[in-house]
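Shared between the two complexes below is subunit A, which has subunit B as its partner in the first and subunit C in the second.
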Partner chain A sequence: MGDSAYSFSLTTFSRTGKLLQIEYALNAVANGRTSLGICAKDGVVIATDKKLASALVDVDSVNKVEAVNKSCGFVYSGVGPDYRVLVRKARKSAQSYFRMYREDQPVSQLVKQTASVMQEYTQSGGVRPFGVSLLVAGCDGDGTPRLYQVDPSGAYFGWKATAIGKNYVNAKNFLEKRYQEDMELEDAIHTALLTLREGFEGEMNANNIELGVVRKSDGEFRLLTPEQVQDYLDEAN
Partner chain B sequence: MSIFTYNGGAIIAMSGKNCIGIASDTRLGIQFQTVACDFQKVFKMSSKLFLGLAGLATDVQTLEKLLQFRMNLYELREERPMSPKAFAELLSNVLYEKRFGSYFVEPIVAGLNDDGSPFLVNMDCIGAPCLAKDYVVAGTATANMHGMCETLWKEGMESEELFETLSQALLASVDRDAISGWGAVVHIVTKDGVMTRELKARQD
Partner chain C sequence: MSRDSNYDHHISIFSPQGRLYQIEYAHKAASSASGLTSVAVRGANSCAVVTQKKIPDRLMDPSSVTHIFKITEKIGALVTGIYPDCKSAVQRARYEAADFTFKYGYSIPVHVLARRIADIAQVNTQSAGSRPLAAVFLLVGVDDEKGPQVFKVDCAGHYLPFFATASGVKEQEAANFLEKRVDNMKEYTTDETVRCAIMCLGSVLGSDFRGSEIEVACVEGKNGKFHALTEEEIDNHLNAIADDADA
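On to the complex of A and B.
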């Protein structure tokens, strides 16, 4: 990791016991576009604000919600290019697991693996931490739907519902009020859209948000098409 | 002399109605000299999963420990038991990693899936799996064992009948093989548990 001139870690402790590089990475995340996730009893939904710099940008060329293996998907807030590196590593890890065990890597294992990669970058020579927080949606080894957040430090948390990025405080408050223990997936999608709209700048439509869903019934992670997103938006109106 | 026949041994696994049986002889020899008659070749990996290893004794023991190690780590990390299918795939990969300097073993994986259905696989020394629904054999008396099993095996045997069939097939096979025998052990696995019995075999 890094060349020989930088075999020391750039992430070092401050006098107060903090790792400032990680704090700054979290700031980068907090400046990123909002993403959120809700875990229902029969599935998980993750969503993000895909607002782009200009109307001239080709929307289809940007993918924020990405499938990592058959049953897991990622979304992020923060630095896009760092995210792509993590998605690539996670996909490779999931394929290695499948090759070894001929079974899909459960989401909890995928999260631990990815988190461990992110931690490595806080303790290796010549590298900086990743400037993203990830939201991971998937089904676990026993089929239970789960939602995880992974931070630049490599810490991970399981959530019932959470939001990251700009405006995450308001979004989380909104979710806290709306979340119910045995929520169904359809309600969760509806709630996710309402939460996303809360802090949305301008008009929210099927082309400037992305939604990913994994259902317990078939254990498959799917990116919703703009048409499907439009249907949900119409219902929410 | 082949490296696979240096220590001798015979293993059979059979499927029954929602149960499996796995049996082996217990001879350890150094070519024609018998050295032990209580050598274990079938290992219980979990309450529903057995591993039988025929071939060079040192590799039998090493591989058993290695797989136990991998399985323990998996179960600690994943917090769930390892399925027979995943175990067989892992074993296949572990063997293939040594493609150009292999372990001299012929493994058999026998277990019950979550739904109670039997799972039987045997492999060559570099991990090529062969799934079977009836029976699998490994060791120095495979020709004899195939003959016996093909004749005696039938579908839907309950645990007692499976035990009889498996025992007869193994005993008759090893009696015609100079380097197998000297005692036998049979395990029958059903959803209610494992039943292990030692057979009274010819001590020659």
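On to the complex of A and C.
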């Protein structure tokens, strides 16, 4: 990382005690496309708005939701290229854990690892913080479904339901009203779609959103195909 | 010192609004520096790239001024922007492709190379030591599994697969032209793909050109080689387009 000519940190304290580069990075996240996640009692769903600027893009080949190991998936809001760096590092870390222990790295450890990478970039020489917030969905070591958010500062939080990116305040309010403690995964997916539609510009269809799901029953993270997404959308209508 | 956010214009740190000015400036440089517009189109079994050929000085050897580069036998790139940056990025792409073949024993798929070039571009946007390269790649090739592919890789490290796309001074007008035809492109034969790209450039630049004023390259089929068209081949296409227009 950061083998540049700058041996001093670019993220330094302002007079009022703030780390402005991190705050600006959060602004970059708030300008990004909305993503959200909901943790149900039998699984986790993460979803994102995949709307791309041009009809010329081959949308089916673009993936924002990425599986990091068998039981864990990421989605983001913010600067795409920075996200890819984090996914790559997370995959390497997960593979390295598997090589040592022959088991999937539990999601809470993966999150700690990724968050610590993001923190390094706020304190190391000659680099800027990552301009992404991540939503991480996975099943923990004991099988409990978990949803985490990781911020550019390296801070991470476990959530029952949350949203990041454009319009996240309204989305979170919407989620707060609809969330229930003993929600089931199918309801969670339904609610996720409704929340996503709230702030969506234009028509929402199976090709301009992405959904990823982990079920407690099999502990495997899956990206839903456009056909499966369409089925859920039809139910939601 | 770089603590001041006034330096967000100088190196790749965030501005108060969360923008990265260096990347935005790199894009501007890449679009307008060369004064060229480039187009790439994907057909049923082939891809074509077209760009203008502007020779700054009549004493120059025209064959030495090209924006079309072979990255591997099967993958080609049309790179627009500041010419030395383009050459540097192409050299790195060639190295990465060759290194992949050396390590894994088979030639690099287009989307893997596109991702690699994009990841390398991203490094410049996050560390302060070097500036982003003002070069935008239109990477084309025919993949064994996915068929023909066109990828646009930009200064920020964004990369997207396209049915057709453009970069350079008139990229927006070119994109508008292509959007109208995008639904038909999946069925285009190689000739139709090449001609669509040429017509797009013609419509955007508002002029007819001769074979010596544009560069065209294409790759056809899974076993095809990426190659530049000769002036004669380009003239044939131009004549065919003119005949269709008259008909």
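By definition in this document, the second predicted complex is superposed on the first by the 233 of 237 C-alpha atoms of A that agree within 3 Å, B and C clash if a C-alpha of one lies under 4 Å from a C-alpha of the other, contacts with A are read in each partner's own complex, and residues count from 1 in each chain.
Everything below uses one rule, namely that a contact is a pair of C-beta atoms (placed from the backbone, for glycine too) under 8 Å apart; a residue touches a chain by one contact, two chains touch by 3 or more.
Keep in mind it's a predicted model, so treat the numbers as computed, not measured.
> Do subunit B and subunit C fit side by side on subunit A in the superposed arrangement, or is it a clash?
Partners fit side by side after overlay.
> Would you sort A:S54 into first (subunit B), second (subunit C), both or neither based on which partner it touches?
second
> So, A:K112: does it touch subunit B (first), subunit C (second), both, or neither?
So A:K112 only meets subunit B here.
> With subunit A's C-alpha centre as vertex, what's the angle to subunit B and subunit C, nearest 10 degrees?
110
> In the superposed arrangement, which partner chain does A:R128 touch: subunit B (first), subunit C (second), both, or neither?
The answer is second: A:R128 touches subunit C but not subunit B.
> After lining up the shared chain so the two structures overlap, which partner does A:R102 touch, if you call subunit B first and subunit C second: first, second, both or neither?
Only subunit B; A:R102 stays clear of subunit C.
> Comparing subunit C with subunit B, which touches more residues belonging to subunit A?
Partner touching more subunit A residues in the overlay: C.
> Mind working out whether A:T16 is in touch with subunit B, subunit C, both or neither, as first, second, both or neither?
Neither: A:T16 stays clear of subunit B and subunit C.
> Going by the contact rule set out at the top, does A:D142 touch subunit B (first), subunit C (second), both, or neither?
After superposing on A, A:D142 lies in contact with subunit B but is clear of subunit C.
> Would you give the minimum C-alpha distance from subunit B to subunit C, in Å, for the three-chain superposition?
After superposing on chain A, subunit B and subunit C come no closer than 24 Å at C-alpha.
> Go through subunit A and flag every residue that touches subunit B in one model and subunit C in the other.
Touching subunit B in the first complex and subunit C in the second, no residue of subunit A appears in both lists.
> Using the touch definition up top, name the residues of subunit C that touch subunit A in the complex.
Touch residues, subunit C against subunit A: 2-3, 5, 11-20, 111, 115, 118-119, 121-122, 125-130, 146, 156-158, 160-165, 175, 178-179, 182.
> If we count contacts the way the header does, which residues on subunit A are in touch with subunit C in the complex?
Listed in rising order, the residues of subunit A that touch subunit C are 2-6, 8, 10, 12, 14, 20-21, 24-31, 52, 54-58, 61-62, 79-82, 84-85, 88, 121, 126-131.
> Help me check something: in the complex, which residues belonging to subunit B touch subunit A?
Against subunit A, the touching part of subunit B is residues 77-80, 83, 85-86, 89-90, 93.
> What part of subunit A is in contact with subunit B in the complex they form?
99-103, 106, 108-109, 112, 141-142
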